[in-house]
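Both complexes below contain chain A, partnered by chain B and then by chain C.
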Partner chain A sequence: MYNLQKIKALTIVETLITLLAMSFMIAGPIFFISRSFSYSHYLQKKTIANSLAQEGLELVTSWRNNSTTTFSSTVDSVCLNSSCAVDWNGSSDIPTLRSCSQENESCRLYLYSENGIQMFRHGIGTEASPYLRSLNISKSGNAYIIESRVWSEEDPIFKIDVKLKKIIYAL
Partner chain B sequence: MLKNGKNKIKAFSLVEIIISLAIFSFIFSIVIGIALMLVRAQSKVQSQVFVTQTAQTLVNDMSQSLRYGYAYFGGDRIQYTNSGYKIRLENKAIAKPGDLDIQQNQNCIQSNGTLNCSLVSPDTEITNSQLVNNRQDSPFIVFESKDGDPYTYADQNAYCIGPRSDGTMTLYKLETFKEIETNGSYVEDFCNSSSNSAQDMIPDGINLDYVSFDVNGQSSENPTNPMVRVKLKLTSEIGGEILIQTTITQRLVQIL
Partner chain C sequence: MHSKHKAFISIFAIFFSAIIVSVLIAVFMLLIRQIQLLTIDSSSFQAYYIADSATECAVAKEKIAAQKAYLESASGTPTFIWNTTVFSPDRWMELKDSGCASPGDIDLSQPIAIDNTWVTEAKLSMPTNDMQFCGLIKVVRNSGDYNSPNYIIATGRSTDCQDTSNLRAVERGINVQY
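This part shows the complex of A and B:
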């Protein structure tokens, strides 16, 4: 027969402490792994953003290479007083430049798909990508200071904001 | 705990042991499950990072080579695939920007007096497969490297998609082409595992879903503004996928 008076058991405090300790043991690694996931996604998005920002600089450079006169007149009229978006259709000799605002969606890049191949384009494509790209250009004599910015606010904790700068001369 | 009244022997009852084992098994399975989940998650994170780093390395390698290379050529995706991932070039001189000696080379001057190194392969498998300076969505890009000899195509470089021996697709880099025919008038190579010179640029475990080059080499005679857009998508069973895109502008141009 059991002697109910002499049965030892854990108190509620002991039980709660045990549960708390176990919760920490489980939650710690899970938190660590979830942060690792977030960082790897962040790294991936930043790599993509970096390539897109580099593309922005290269497209402006190609415009300058094509004709310094046209480059100067277009940039002066379109990009000196506001941000602008640069885009290339893949076949024309020069990219296109148009103004865009960093405050709204006009700088957003879209995923355009053709024959199963996806690419990031401005103003073409049905699927909005998480990335926005703008060029901020200032001028000093014949030198143009180009800042290509790609950003994404999809994740409020890990915001992507890549800014690459380059000075090109329109001599 | 059961106490025997006569001998005072303490022991666990069968029920106690079964309940204890059940609780232990339950907790143990939870702990093991969590541990396995953590290991899998960590492996996935590492794989994701690896895919990202691979994509970055590929883009950097292509950017560096293409930026200082010249005489870009692309081709048709379907014809390239049907030919068994073969690139064949007519072996003749290449125009290097600003190099008048080469531009005056009769091998590269066409009837209209302008230099045009666009090549038509005579191979029946790739009839009408034309390597052209300007091609959207090309599965490969052929170019002269910075230190290459512009008088021959045998040392052309190429980035191209092709199959591995296990059937998965990868990105190959070619740095030499084999001369064929008795007089060496053509060079060719394959972008697949059968080629001795094709270097697999992507580590095992990562596959190339696609690579697409928008080649804008313009005319070889007067390439004022050559540029190439590269789009590639890498996939890994564990690490997921990454779509990366960039554009490379040639640095050898003479600004007008």
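This part shows the complex of A and C:
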């Protein structure tokens, strides 16, 4: 009654090879996709870090442009012997400057929101950002050599460390 | 007949696998290229700040010269800025000795006189932790005319001042007329 055909089954070796091939086919794309996400995240963070380092230099330069005397006296007393943090509230003529240590959390930037505008600020804000910013300033005559450093140690594989340097004169 | 179907399916499997793998590799390569571009972007920021520093340096030297001319004139000796500027064949050694931020950080030769102007070309070296940057300054200063403008042309490069062969170097420039 029944027409039974003799069909050869797969051997264990064939099965294993098939499973191996399939696992490669699945693992490959997963690796690529996860790596791509990591790189995208890294690129986003580095772009923000670049802009924050640039902001540090621009704040100091605008302060020098606003008042050379106030700039010189404040920088000489606060920043020449230690790293310092520059902060601006978004409306005043000049930023504020205070010393901070690269070894601890005092250089950390926080996300601060006011009237729907978000900005990164030192010490003020509801949410700690992954970024820390410090200015290292040295003086030679009338020239100030300013290095703005922004770094993040959130991800140990893709570390962010951006440094920008500039010379300005207080005359 | 049976074996023909099998081969047909294999070709499709290879074809679709190749498409998926090539798309994934393309996305991955795109991200690698983006990282390279971002590195160039970082160098671009620093190159701009070197050009800015070089401009600041030239402007500061001119401000000091103007102040000096003013003080000498006020004390009874009529003095013009072209008598006190360091961008002149008589005083360029002062610039070489003092430098921009520290003595020796600027390299220049004697200014050349061209059509009532002095043309000074200098190189400002600025090392950062990651790489060496170079600022190129060209100052075209009039040598005795109030009405003619003076020019500062500053360029920042993401290489050492001696290295002119790096095709991946980023350059940013600032031109000032005063």
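The rule is short, and it goes like this: the second predicted complex is superposed on the first by the 153 of 171 C-alpha atoms of A that agree within 3 Å, B and C clash if a C-alpha of one lies under 4 Å from a C-alpha of the other, contacts with A are read in each partner's own complex, and residues count from 1 in each chain.
By our rule, a contact is a pair of C-beta atoms (placed from the backbone, for glycine too) under 8 Å apart; a residue touches a chain by one contact, two chains touch by 3 or more.
This one's a predicted model, so the numbers in the text were calculated from it and none came from an experiment.
Between chain B and chain C, more residues of chain A are touched by B. Once the two complexes are laid over each other on the shared chain, residue contacts for A:Pro29 go to chain B and to chain C alike. When the two complexes are overlaid on their common chain A, residue A:Ser91 makes contact with chain B while staying clear of chain C. Of the two partner chains, neither chain B nor chain C is touched by A:Ser77.
After overlaying the two complexes on the shared chain, residue contacts for A:Ser113 are found with neither chain B nor chain C. Shared-chain residue A:Lys163: touches chain C; no touch with chain B.
Of the two partner chains, chain B is the only one that A:Leu52 touches; chain C does not reach it. Contacts of A:Ser40 after superposition: both chain B and chain C are touched. By the document's definition of touching, of the two partners only chain B reaches A:Ser67; chain C does not. Shared interface residues of chain A, touching chain B in one complex and chain C in the other, are 29, 33, 36, 39-40, 43, 47, 50, 54, 171. Residues of chain B touching chain A in their complex: 1-3, 34, 38, 41-42, 44-45, 48-49, 51-52, 55-56, 59, 63, 77, 134, 136-137, 210, 212, 214, 216, 218, 224-225, 227, 229, 231, 233, 242-249, 253, 255-256.
Within the complex formed with chain A, the chain C residues making contact are 17, 20-21, 24-25, 27-28, 31-32, 34-35, 38, 41-42, 45-46, 49, 52-53, 56-57, 59-60, 63-64, 98, 100-102, 126, 128-130.
Interface residues of chain A facing chain C in the complex, by the touch rule stated above, are 25, 28-29, 32-33, 35-36, 39-40, 42-43, 46-47, 50, 53-54, 57, 140-143, 145, 147, 162-169, 171. Interface of chain A with chain B (complex): residues 2-3, 7, 26, 29-30, 33, 36-37, 39-41, 43-44, 47-48, 50-52, 54-55, 58-59, 61-62, 64-68, 88, 90-94, 114-120, 171.
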